[in-house]
Amino acid sequence: MLFLETLIGGLLAGTMYSLVAIGFVLIYKASGVFNFAQGSILLFSALLFVTLHEAGVPFVVAILLTILALVLLAILIEKLVLRPLTNRSPMTLFMATLGLSYAIEGIAQGVMGATVHELDLGIDDVPIFIGDLLVSQFDLVAAVTAVILVTVLALLFNQTRIGISLRAVADDTRAALSIGINLNHIWQIVWAVAGMTGLVAGILWGARQGVQFSLSLVVLKALPVLIIGGFTSIGGAIAGGLIVGASENLAEAYIGPAIGGGITGWFAYFLALAFLFIRPAGLFGERAIERV
Amino acid sequence: MTTLSHAGNIILDVRDISLSFQGVKAITSLSFSVQRGEICALIGPNGAGKSSLLNVLNGVYTPDSGEIHYESEHFHKVHPFQAAQRGIGRTFQNIALFKKMSVIDNTLSGLSRHGRSNFIEHAFKLPRARRESAEFLERSEAVLEFLELQSHRYTMVGNLAYGLQKRVELARALVASPRLLLLDEPMAGMNAEEKQEMSRFIADINRDLGITVVLIEHDVRVTMDLSDHVVVLDYGRKVGDGTPAEVQANPDVIAAYLGAITPGSVH
Amino acid sequence: MDTHHTMNDTTILPRTGRLDAHLAPVVIKDGKSLYAWLWLLVLAAIPWVGSEYWINAIIIPFLILALAGMGLNLLTGYAGQTSLGSGGFMAVGAFATYAFLTHLHLSFPVAIFLGGLIAALVGLIFGLPSAKIKGFYLMVSSLAAQFLLEWVFVKFPWFYNYSSSATISSPSIEVFGLDISSAQGKYYWILGVVVLLTWIAINLTRSQTGRNWMAIRDMDTAAAVIGIRVNHSKILAFAVSSFYLGVAGALWVFVYLGSAGVQSFSLQRSFQILFIIIIGGLGSISGNFIGAAFITLLPLALDFVSQTLFAGMVDAGVLQNIQKFIFGTLIIWFLIKEPEGIARLLTNARSRLSVWPLRF
């Protein structure tokens, strides 16, 4: 029973990792960028939302205003960072997003302050029984939200023009350009959508542990999640998040006590390393043949 | 130490090599042999498996089956580093130079496998490291002179003209004193004059330094003039093998490759 | 193992005498050595010019950060392997040095050297995956190192000699007659280490070892094909890099701070070192000093500006965030405009200056 509860707790926490990782996958597929700033964007959006909300702006309006800000941010990033760096190495782009994360964090906390904000969504963080299993109600709500979000995204990308353009770009950038798809436009949309997944994750996570700087650190968990799931697959991101969440929780419960505990800080990375040696392209990723 | 070709002395014998990528066959049971001291040309349409074959020969790809006999050894797979150690030099179709290094540094890097001093000796500039470094520099300068590149020695290769980059790549392979040199389209993208110059260098390398050359080239006339031996590939299979004259007369080859163009025309 | 022998049996044969015309070895002209001596002179004179505050609070951390930058630059700027574990390897150097000092009672220079070696060993182990994985994937290995090491140096009290604060602190140290607790003593000590390790780094980068690294950085497949031992070279780069970082970590604790915990070597430290080399210049030795100077002086400059313009009305937290914003923006700006950092900007400016009079 303890095993099952630990597993389920981990899986539910893992949905949050998945949510963050999906933002990464979207951006990686559309622009080949490993976006280290995803965590800062998450912090920025949660901070903006909670600041507006605390100032008396109604919930829905605050969400809409934050989304508007995310769209503006995406346009700025595309114009000021991505466009000048077109055709540069993935590593350069990665480092640029590292700089971006500092810039966003600096401005977000400089303007809105660095204090911890309470965020009450009206969901009690109390454990409830489902059959014989003790499960956190909050985790359950978060997981359901994540599932809804993923479904919406999947519909968006499979049914809409924008979604189809995005897939065209991801499959073959040059071909997509030749049929008149505006790449810059696609990038702006993708960064904005990735920002919105960040907003959802930020609000959920912020409600649990307060909206504060440490939210941006969730980006660090995304790397192992993506390695395990593959950089290019949304399904992989979901699976990777669940695997990391569950195994972290299990490891902390079963291995942790033997070696002093607190191993969730590094466990995911070693898991990802192990995966790299067994399946270098991740569970769902494809590996290109090296041509010389 | 060989300067002339010895009839009947085979340096490279490819036996029944097959290679596929995710189920797509790139090379199908290919066999041929190369005499020591000759220039052997691999020709065939794009996608015939020529570059893949070179990649198998120096270990970048591992064949599905078959064996390679090189000098006195035979192997199924070889690591690129071991291939270099055994004296197999290589240039690439899409130039694979070290772009942020100068011409002389690119050339010097080709001597890495001859290095005997270790990093501690390098760190403290110990006598053996100094000696070796002077010796390497001298050798590299000699090769740059041979290929008429001296005036570019401190230029970053990324800033060089395409034709010169091809030559630097040749210098990098040549400086290591290979016994077998694999050249992947050494004249691609060059004008007639540059091609002639490159042909001259290849002929000099072969004749004067006794290095066996296997090359891929699309320009039929250049190929026929330059090589002693031609192997024709089509869809990963061998369709012709012989002297340039024999190959040009071979009906299968004409059907597969030369068909559309008269021998001697520029492809 | 005679080089002459191996070279001779494959020597290229002369034909027209062109190839055996033995050129006098070309001396790569470097007017830089004059600059180096000048710099050394300036550095040696600093204690007579600068105040004790400047030496302790600015010059010393600057030199140590430059050394750490050099460590990461050898790995990333020269060998092309990314790492976000610099902080972790600095911690290994510091804690290992502490262990040699307290448990084995070794003298400080010996302890620091051995501490560096232990860091090199740990770096080598976490560099092993580089044989199979590259790029983003390799970052996982360095992050695994960073987080595991942070955890280890908190969880196992042996490393900080069971002190209640979980920190390590320098015993009173006197080396070669220089009292290391005085500002001057510290300064000369660090200067000595930095000059020696800089000289070694320059030698390495100009040797076959350095060329192997750069070849791997520029194109590793081609490097293997021309006979470079790619995996061996990569792992060596990890070890050498971590040695530098380990020594820098030990100096950071025992000479600069005096006492510190593993928090001094968090992921933020890794980022800071990375920023030093991006701003200063990837693949440049002098760039490490420029980047470190930049990163040490920028907060002071901002502080000065806020003091004079706003009379200190901007609170420290906001100032810190402004600083963060400026760093982030600068990183992006450098990557866009001058990917080779300030070092390249200076070289360009110098060469423009040197031809300038000739244009008239």
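Letters A, B and C name the chains as they come in the text, with residue numbers starting at 1 for each one.
The criterion applied here is as follows: a contact is a pair of C-beta atoms (placed from the backbone, for glycine too) under 8 Å apart; a residue touches a chain by one contact, two chains touch by 3 or more.
None of the values given here were measured: they were computed from a predicted structure.
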item: Per-chain Cα centre nearest the global Cα centre, belonging to chain; value: C
item: Maximum centroid distance from chain B, chain identifier (CA atoms); value: A
item: Distance between chain centroids, defined by C-alpha means - chain A, chain B (Å); value: 48
item: Distance between chain centroids, defined by C-alpha means - chain B, chain C (Å); value: 39
item: Mean-CA-position distance for chain C and chain A (Å); value: 33
item: Multi-partner residues of chain A (at least 2 other chains); value: 290, 292
item: Touching two or more other chains - residues of chain C; value: 221-222, 225
item: Touching two or more other chains - residue numbers and ranges from chain B; value: 60, 92, 96
item: Partner chain C, residues of chain B touching it in the complex; value: 1, 3, 58, 60, 79-81, 83-85, 87, 89-90, 92, 96-101, 104-105, 108-117, 119, 122-125, 128-129, 131-139, 141-143, 145-146, 153, 172-174, 176-177, 179, 204, 208-210
item: Chain C residues touching chain A - in the complex, by the definition given at the top; value: 82, 129, 132-133, 135-137, 139-141, 143-144, 147-148, 150-151, 154-156, 221-222, 225, 267, 271, 274, 278, 317-318, 321-332, 335-336, 339
item: Interface residues, chain C side, partner chain B - complex; value: 1, 3-4, 6-7, 9-13, 15, 18-23, 25-26, 200, 203-204, 207-212, 214-215, 217-219, 221-230, 236, 240, 283
item: Residue numbers on chain A that touch chain C, as the complex places them; value: 34, 80-81, 84-85, 88, 90-92, 94-96, 98-107, 109-110, 113-114, 220, 223-224, 227, 231, 259-263, 265-266, 269-270, 272-273, 276-277, 280, 290, 292
